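In the two complexes that follow, subunit A is the common piece, with subunit B as its partner first and subunit C second.
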Partner chain A sequence: MNWGVVRAYMRKEILELLRSKMIIIVYILPTFIIILFGYGIRLEVTHARTLIIDHDQSKLSRDLTERFMHSRYFDARLFRGTEQEALHRIKQAKTEILLIIPQGFERRLLHGLRGEIAAFVDGAFPIRGETMSNYVKGEIFHAAQSVAPDLAPRITLDNRNLFNQAMRDEDAIVPGLFGLILLVAPAILSALLIVKEKEEGTIFNFYASPVRKSEFLLAKLTPAFLLHSLNILILFLWATWLFQVPFRGSFTLYWLASELYILISLGIGLLVSIVTRTQIVAIVLTVIITIIPGFLYSGMLMPISSMSGESVIEAHIYPVMYYNHIVYDAFLIGQGLDAPKIRLYLLILTLYAAAILALGSALMKKELR
Partner chain B sequence: MNRTFLALVTKEIIAFFRSWGLVAVVLYSFTLDIYIAGKGIEIQAKNVSVGYVDRTAGALSGKILARLHAPEFKTPVRFPSRKALYNAIRNRKIMVGLIFDTDFSREFYRGGPARIDLLLDAITASQSFQALNYLQNIVLDFSRTQVHVKLKIHKLFNQNARTSWFMSLAELLSITTLLGVILTAAVFVREKENGTWDIMLLMPIDPRITILAKSLSQVLILMGGIFLATGLILFGTFDLPINGSLAAFFLLSFFYAFTSAGIGLFVAAVSRSMLQVAQMAILIMMPMIFLSGAWTPIHAMHPLLQKLSLLSPLRYYIEGSESIFFRGTPWGDLWPYFAGVILLGGMLYYYGFRKIGKLF
Partner chain C sequence: MSPAALRVEKVTVRYGNTVAIEEASLEADRGEIIGLIGADGAGKSSLLHAIAGVGRFQGEILFEGHAYHSPKEAEPLKPHIGLMPQGIGLVLYRNLTVGEHLDFFADIRNLKRNEAFLSYRERLLEMAGLAPFTDRPAGKLSGGMMQKLSLICTLLHRPKLLILDEPTTGVDPLSRLELWEILDNIRREEGTVALISTAYMQEAARMDRIHLFDSGRIIARGTAEALLAGVRNYSYEPVPCPSERCIQTGHYTYALDPIDAPKKEPTLEALFFVHALQEGRRIPPIEVSPRESDEAIPSLVMEARGLTKRFGSFVADDHIDMRLQSGEILGLLGANGAGKTTFIKMLLGLYPIDGGELTLLGRPIRSAEDRRHLKSRIGYVSQHFALYKDMTVRENLLYFAQMHRLPLTRALPRIQRLAEELGFAPYMEALPSELPLGINQRFSLAAAILHEPVVLFLDEPTSGVDAIARSQFWQLLQRLKEVWGIAILITTHYMSEAEYCDRVVLLKQGRKIADDTPQHLMARYPEAKSFEEAFLQLYKEKVI
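Coming up: the complex of A and B.
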């Protein structure tokens, strides 16, 4: 390896990155994604727009209505129109929940009969529909209990929410984004750096010159690696400062895992650059093969332990699962290297990075195809 | 003039089919990618892994555990001690841990509240919350608490809360945006990079026709993809219901494809190389997709983001398509969505049109 060549090549790469404003994508994109997703994904439901049609007009039904109005989960108001009109409003997506309290509700209850309430919930957004109907159930159950206090249940659940006591969406989502961002951004950069030369034809300089393949790759990937390493710190700051996610584990472990993960991502970009000839295909291909697994196997929407069948195998193929396990541990759990699973996953990441970079440089040809 | 127009459209479509890489990527995006997203992203709590520690004789706790079954729960795993259970949760093998203490069954038969300790991995907050809800219902049901109020819940439009319906549709719409912008921008910028764009503008053809023909060709490719995805994936694989008019969906898609072509034009106008196209496209599209309500309903967002989402044409497209497929909204009530898409699209298109049609 001729270090003079590598240094000169690297200098050229860095200058080009700065001049082509590619540097923008290196630093804006990760920040952008973390802010958008961090604020954008809200799975908890508050202020569900609720209409209540009260045919009963009794003290009990008014109590119930009152309950819904004072809950932070609902934005409830009484509706004086017909049921058809209210259902039409759901169709227009102006209302999400419709409660209908029938006539004679209170009287039936006082006679010890069952009173029946109808609830219509907009299920077009499934997770939200499910959560809303659970809230409605809970609210009505509490109301029923307050009418008849002898209803105390014989079993109680005493729940402790571990790692995320308040069940904040931010704590759940933001660390999971790391695995997505650091998979997409470095891959795009390294793919473009090489494919750009292919498309513009400047790669022939490399083909024809005595520069070795290893020198070329080292010069191409090192600037990308160093630039993205700063993102590890930037993302950490956004998470802890802007989103107030606690950090309970070891920063060194987080740093080390992230560096390895960036190497893997650069390797993916390298593989993409081998099979593509134009920049547009390279970009779209990279985005497609990284974003979907980055989401699916991140563990932020669905825990890996809940997966079954082929998705378990797929989850183990992509690097996201291993990395995110370490990131979640570093942020929320805090076991660090004491846990054998973390040590194993760190080892897997190391091997993964070595394998993918070796594969990429083996497949790259220094000649015209 | 009509002939020129047709010739240009045909030329672009042929050029598209000749670059096999691009064809493959577009085909993949409109079929497999949507399939994976619909199949894989499941936000409903299912297969929740349960562990338990049982210090009672086992009769009563066994009956409760027997109620934790598929599809919501995996078969509960027994742990020797609280510590072992806690460790499994920390290693994220187990999501829900139940602990039955020695006096559990005694308290229960005495009629007093018997307590189950519940350890919950709350990292995936929404799933944990749902699992908690399932458990609460099971426990209530088990203690046969008579609630005199019966609640009849009708989940409209998607009774079984199938996430695949929603996710596959949202993914189709996002893919349309992504490809619409990038394909259109690429068509123009490639000519810019090769230096042929100036020649195109100098030719004795109205540049407006050139631009319109070029973007129309990409809109047609997109429409082809949308037809394919709707037939093969949405209806063919996921059995989406269609409660409204399919024609309305295609019409809305057509307008939207033009809108995304308009964004592509805008991107092409301000960038000189494909690299810049990639940067611009990502910077514009990411917020567009995430402000659109594909992931989170708009009114559940931060108030500032809610205002901003009015600027995302994808918002109108997604809400409109959701309404057509699931809510079965009649034509008359669809006008806000059409208006939003056409208005925003028209403005973007006009700007890009003006900017890229100028020689200097």
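Coming up: the complex of A and C.
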């Protein structure tokens, strides 16, 4: 290893990154993704447009209605029209929830009978519909409990936990984005740094000179590594400052895991640069093989533990799951290295990085193809 | 006699199923310039890549006693090898300055910054005329300057084996001369073995030994004089061929059997023709039948006055005046970046005109509407042959016929006739990518003349095409001009092709520096032995 050669090559890379303005993309892209997805993905439902038809007009029914009107999850109002008219409004997508409290609702309960409230929920978007119907059940249960505690047991609900989500959406989504961003961005940069020389022909300077493969790779990957290391801090600041996500764990652990993860991403970029010749193909290929798993197996949309079959295997093949587990822990839980699972995942990331970089440098050849 | 410094033995390079170069052997001594001449795809680059240790090959290469059979085995020699691959400014980083390039190339070669190095660096900069431009980014240099910078970057570590792949292609004549002077100096001082490929036959005179390449093989080798001596007996003044084993080109007739015609001093191009004849290839003369349409052709086809095109602060074409008459082949000559393509694109309406007046076929052009009526009367062949790669030759031609609203009953026989006359009938069901460059070129021309235009614009159609195909192409244009009576405007960076034109316009950095018949131009420079030299004189005189 000749450090003078590595330094000269690195100096050239940095100059080119600065003068070609590519440096802007290095720092815009991660921020762009975290803001776009951080605000863009919403799993909880607020301000669901709700109509209530109260045929009972009792104290209980009025209290119940009051509760819905004061909840931030619903924009509720009493409806004076017929049920048909109200249902028609759901079809027109002007209303999402319709509640009908039947005549004699309070009286039936007081007589020890079962009281039934009809709830119609717009199921056009299944996940949203499911969430809304859970909210409705929860709201009714809560209302009943506070308005008439002795009557509450007669209203049975089996899934009340779903409503009482203590977790904010930001807390659930934003840390999950780290595994996506730090998989995509460094991979694109490292693939581009190499493929650009292949496409433009300057790669001949490497092929035809005594520069060694290890020197070339070190000179290409080090700037990408260092530049993206700063993104670890930038993302952390966006999460804690802009999205107000708590940070309960060890920053050192978060930083260490992120650096390892960046190395893995650089390795993916290196592999892409071996099989591609043009920058545009390199970008498309990198985006496809990083964004999809980075999103699917982030644990944002679906916990890995609830996956089954092939998807579990796939989730374990990609590095995203291991990294995200550590990040979620660092932000929300804070167990850190005390947890054996975190220690294991950190080890897996280390081996992953070493393996992918070794594979990349073994497959890269110092000759024309 | 000491053994040769470089010995290449039976080197074969394959890409998949295609053989790029087959069993090529050559030798070179210290201080020698070895020339590789041939068309694109003849195998020059593949052989040079093999010798430079950047591409895989079969066979053996020996340099200064070290044998290698693969890029890996060539690795210990890399400190002594310098490679400048094909393509203008290919190895340069457009954002780095001239000075930064020299630093970078010195650093990756691990050169010590001692007194000797610094003075050598200064000398190279002086020789290349780049000393005043050390702070200029490579992207802002002219093509000629880029090539000179690439060359001195390649020379910086004083290689013992210098490999240059078409360093002069597309470069202006003056820069070409300067490049050769740098080379001549260095090889004499340093005793460098230099392997240089070129597309220009005229540069052969500067080489100690020449190797002629044709479809993956070396077909002839020796000094220029010896090679010429070998074909002198077969070269005659252009007369019609009396027998088989004979071929007539624009300015020569080559015949293997003696014919009754005055002899003419051949150029190296003769070797390709004679070789083809000796191999038994028959190259029939090209005939073109008259056009079907009897549309009258105006005598003044195109007139440009003060035509100007700017890209930001850069003036690509600066007040160009030009006239094109029917029945005339007008050659638009100039180096890469001189403004030839930009000019043609303005004529076609592909670039908006920034200044000046243009009249096409008697109609002043001010708006896109003015051009709409002219489309059916103009034919255009672009630099990169705008053909559809996934359609066969026949499908492509049918598509172009339909684009010009030619009824099928007329299009089908016309396509068949053109295919036979232009000599690509056997390739009708092939994809363009499977065709040799010369066939592609003729089939592109067929697509451009299918609708029988009255004016034809051709943008560098002969670039990279082999000597025989090139000569046939010019013959074809000649016939089109004579039989159809149309006007042809053609651009080229081969100055020697001026001889095929009725009139030439020479561009230099966006300005017109000559507009005359080739004969008059030659007469102005009686000491010039070729068009090359005449243009060089012109280039030197007209300083911009």
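The definition used in the following text is that the second predicted complex is superposed on the first by the 272 of 369 C-alpha atoms of A that agree within 3 Å, B and C clash if a C-alpha of one lies under 4 Å from a C-alpha of the other, contacts with A are read in each partner's own complex, and residues count from 1 in each chain.
Criterion: a contact is a pair of C-beta atoms (placed from the backbone, for glycine too) under 8 Å apart; a residue touches a chain by one contact, two chains touch by 3 or more.
Fair warning: this is a prediction, and the values are worked out from it, not measured in the lab.
In the superposition on chain A, A:367 makes contact with subunit C only, not with subunit B. When the two complexes are superposed, the chain touching more residues of subunit A, out of subunit B and subunit C, is B. In the superposition on chain A, A:5 makes contact with subunit C only, not with subunit B. In the superposition on chain A, A:205 makes contact with subunit C only, while subunit B stays out of contact range.
Touch criterion not met for A:255: it reaches neither subunit B nor subunit C. Residue contacts after overlaying the shared chain place A:247 against neither subunit B nor subunit C.
In the superposition on chain A, A:20 contacts both subunit B and subunit C. For the contact definition in use here, the residues of subunit A common to its subunit B contact set and its subunit C contact set are 20.
Residues 2, 4-5, 7-9, 11-12, 15-16, 19-20, 200-202, 204-205, 207-211, 365-368 of subunit A are the ones that touch subunit C when the two sit in their complex. Residues of subunit A that touch subunit B in their complex: 20-22, 24-25, 28-29, 32-33, 36-37, 39-47, 49, 90-93, 109, 112-131, 133-134, 136-138, 140-141, 143-145, 147-148, 151-165, 167-169, 171-172, 188, 192, 196, 199, 276-281, 283-285, 287-288, 292, 295-296, 299-308, 311, 325, 328, 332-333, 335, 339, 341.
Of all residues in subunit B, those touching subunit A in their complex are 19, 21-22, 25, 28-29, 33, 36-37, 40-49, 64, 74, 89-95, 108, 111-130, 132-133, 135-137, 139-140, 142-159, 161-163, 165-166, 178-179, 182, 186, 273-279, 282-283, 286-287, 290-291, 295-297, 299-302, 305, 319, 322-323, 326-329, 333. Across the interface of their complex, subunit A is touched by residues 49, 52-56, 71-72, 75, 78-79, 81-83, 85, 87, 90-93, 95-96, 100, 103-105, 107-110, 137 of subunit C.
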